[in-house]
Every structure is written in structure tokens, then in C-alpha cells.
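There are two complexes below, and they share subunit A, which is joined by subunit B in the first and by subunit C in the second.
Let's turn to the complex of A and B:
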């Protein structure tokens, strides 16, 4: 039993922390770009979303029916994808990016949606942190046996 | 006569199971936002109870816990059925159990140490 397997629970919680932190960064990026009409790809900013998947260690038994857990590796971010939903158009003839009819195509960032995502990401981050903390407590208790 | 105190096999098995369950529960917590994820659980208590009924605590170290996937509990719209509050409470409970088992081991070890040094 090596360093990585005996303390695998830390890696699992750390993967959750990394994933939720990334989600918070993406949400912050969406909010920061809520009125950006020019991007390097051209056109207004499209809101980004992260895609998570369950991470499993290929050389360990993993799921249903297994008697060990070395296959469990937490969560992994697969991709950051663009939200392809329709971009809202706003009437603003004075805007430099307005079309001939005076309409500006705005980013499809919806502030309430972003705030809800931010809160769920924060809560999930805290939960992962708590799980890591519990594991520290368990190991501290195990050390008391050696301490005598 | 065995040198180690009685129930050491049982206690170490129980500690192993709490560590395994901790991994499984943290895996659930890490996947709280993964669409389509089904929560996992460790089943051991029933098997242990049956074993103790039949054979006492002899040979418990051969008993293996099993990881079960819960596909029955209905989930959210994205198909994920992790209930974060439940998982956190189970995590707390598991940590407490682990502490209790380890405390018993520590106490038994301390008793042994005292009897060896004759205090």
C-alpha cells in the first residue's frame, strides 16, 4: 500500500475542489463578460459551461460490486463548452456594434443563472473541503495508537 | 493464547471499512455536480452481523465489504441522485465511528503497554 493508495481519499476530495474552483472561475468569467460584444472569435461573448465526469482509475476495481475502492478517483473536468443558446438582441442605435436596424447582439449571459451556479459551486467546494477535513481527523485518531 | 487483545481483528476490519466508506462518500461529494452520476455506498454491516451470528468474531478479517451503486433512488433532472446533506451527515457519522474504533484500539494498546511495563 503506497502513499497514493492509502491516502487516496485526499485525491478524491482534491479533484472535487479543483473541479468546483474551475466552475467558479468560469462563472466569474461569464459575469465579467456579460456585456462583451467583441471577442477574438468574432461576435459577442457566449457564456461558457463546464462539463464534469466521474473519474475512475483504470487499474483498480471501481464500481458496483467491488470490494476495494482504488478505482474511485473523484471527478474530472472534460471540457469547457460554449452555451449555444440564442443571443439576445437589444435596441441601442448608438452602440458601435449596432446593425443597420439599430440592434446590438448581446452575450447570452444571464446574471441570476450565473449567481445560482456560483452558489452551488461554493457549497460543493465547502462540502469537499469538509470531507478532506474529516479524513485528516480520522488519520489523526489513527496516529494516537502509535503515540500510546 | 494470542498475544494481541481479543477483537483486534474485528476492530481493524471495522476501521478498514470506515476508511473505504470515507473514500466512497468523498467520491459521491466530489461528483455532486456530475450529470447522470449514481451515488455509491458500502455494504458490510449485514454481512458482518450474519458472520457473527454464525461464527462469532472468528475469521472476520476474511469478510469483504462491497461497493454498491444506487440506481434506485430517484435523482435530480440531470440524473444525479447525490443528496449532499445526507452524504455530509454520513461522512460525519463515519468519521465518528472511525474515531470510536480507533479509540478502543488505542485504549487496549495502552493497557497492553502498561501490563508489559508492570505499572
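Let's turn to the complex of A and C:
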């Protein structure tokens, strides 16, 4: 009701910002755990990835002139999933987690890939921010209509 | 910040329907419109206030949500101010009328 309806686009941008921030956290977690060989589940760390889905809200406020809501409600995080690709093995007999052959199973984190993901998340965050800023600008420009 | 609705406006002649004109339903009174505007803008301010408080006390960790709440509050207040300015302009224009 009221301003909430006309400012609903902010919530879409906010969900995008939240999602990209979560992606950034996951990437940071991957980088931080790039050489972790022990996890609570046992074995080395597995690279994590986020899965997003589009959020629809058909019960949301309808725009003026429309009989029903556009349903657009931004993005939602479904899950943080493990990357089940093969874990690389490194020869390091002195390592406490080395197996009988002297090989250590390392996390499947690939730093260049994580860096690219980091940049992607940063740029996507910026894009969402820009969308929110444009919305503010549009509203402020609309306000100038009544200024003499 | 807690803005109390302007209660005096209901007493202005603006709110009374013109004689002969069809009776204005309660929802269409100018005072009601203003009151709803004030309440709406106030709610946005309160939401922004709470958001800042949550961020400052560590209950929330998303800076962007707080900033968007502030932007919402700012925009709704601006809209209200523009409408107020326009109404006051109109009032002053009428008061300048030569009798």
C-alpha cells in the first residue's frame, strides 16, 4: 500500500544485491579454503557454488492500471551446492594427511576460476546497484514535473 | 523520527464539500489524502530508522538494504514535500485573487 507499491522496484534490486553478495561470500570462502585438507565431513574442502532462482510474487502489489501484480520479485537463493568435480592429488609424503602412496587429496578450488567469479560477482553487484540508482534518478526526475 | 499526522487540516474549509456538489465520500477528503501521505512517508522513515538500528547493532549485515531503505524514505518524503509545495502554491495563488 502507498509508497511501498511505487517503490517495489527497490526490493528487486535489493534481492539482486543480496544474492551477489552471497556469491561473493561463497567465492571468498572457496579462496580461503583453497588448501584445506580437513573438513567436518571428512576429506578435503569441496568448492562451493550458489544456485539462484527467480523469485515470483503473484500476490504482490499491482501496478496502477493493472489488474494483477507483475509478479516480479527479484532473485532468491535456492542452495549452496558442492562442486563434485574430481579432487586433485598432490605428491607430498611429509603431509599429515598423505595416504600410503604419499599423495594428498587437495580441494578442487581453482584460483583463476575463483578470481573470475569474484570479478563477475563484483560487476553484477555494481549492475544491480546501478539499477537501484537509476530508479532513484527516475523518481527524482518525475518530481521535477510539478516544479514550475 | 516520529511525525504525528497533522490533525488541524480536517478543520480547513478545503475539506468540506461544495454545496450542490455530490457528497464526497470519506476516503476522498483532502485531509484523509494528506493523512495517508504523512502516514506512508512516516512508515518509510520508521522502516529506515529500524534498518539503520539493526545495522548499527549488528543484527543485520547488509549495508545495501539499509541504504535502499534510506533511499525509499528519502524519496517518499520528497514526493510528499513536492505535493505540499504545490498545494501551498495553489493556496497562495487563490489568496492573491482580487476581490
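Criterion: the second predicted complex is superposed on the first by the 130 of 148 C-alpha atoms of A that agree within 3 Å, B and C clash if a C-alpha of one lies under 4 Å from a C-alpha of the other, contacts with A are read in each partner's own complex, and residues count from 1 in each chain.
Throughout what follows, a residue touches a chain if its C-beta (ideal position, glycine included) is under 8 Å from a C-beta of that chain, and two chains touch if they have at least 3 such contacts.
All values reported here derive from a predicted model rather than from experimental measurement.
Of the two partner chains placed around the shared chain by superposition, subunit B is the only one that A:53 touches, whereas subunit C remains out of contact. Of the two partner chains placed by the overlay, only subunit C lies in contact with A:21; subunit B stays clear of it.
Looking at the superposed arrangement, the partner reaching more residues of subunit A, out of subunit B and subunit C, is B. Touch criterion not met for A:113: it reaches neither subunit B nor subunit C. Once chain A of one complex is fitted onto chain A of the other, the partner contacts of A:8 are limited to subunit B, with no touch recorded for subunit C. In the overlay built on the shared chain, the residue A:72 is in contact with subunit B alone; subunit C does not reach it.
Contacts of A:134 after superposition on the shared chain: subunit B is touched, whereas subunit C is not.
Common to the subunit B-facing and subunit C-facing surfaces of subunit A are residues 13, 132, 148.
Contact residues on subunit C toward subunit A in their complex (touch as defined above): 36, 39-41, 43-44, 62, 64-65, 68, 71-72, 75-76, 78-79, 82-83, 85-86, 89. Residues of subunit A that touch subunit B in their complex: 8-9, 12-13, 15-16, 19-20, 23, 52-54, 63-69, 72-75, 120-121, 123-124, 127-128, 130-132, 134-135, 137-138, 141-142, 144-145, 148. Residues 1-4, 7, 10, 13-14, 17-18, 21, 129, 132, 136, 139-140, 143, 146-148 of subunit A touch subunit C in their complex.
Interface of subunit B with subunit A (complex): residues 15, 18-20, 22-27, 29-35, 37, 40, 64-69, 84, 87-88, 91-92, 94-95, 98-99, 102-103, 105-106, 109-110, 113.
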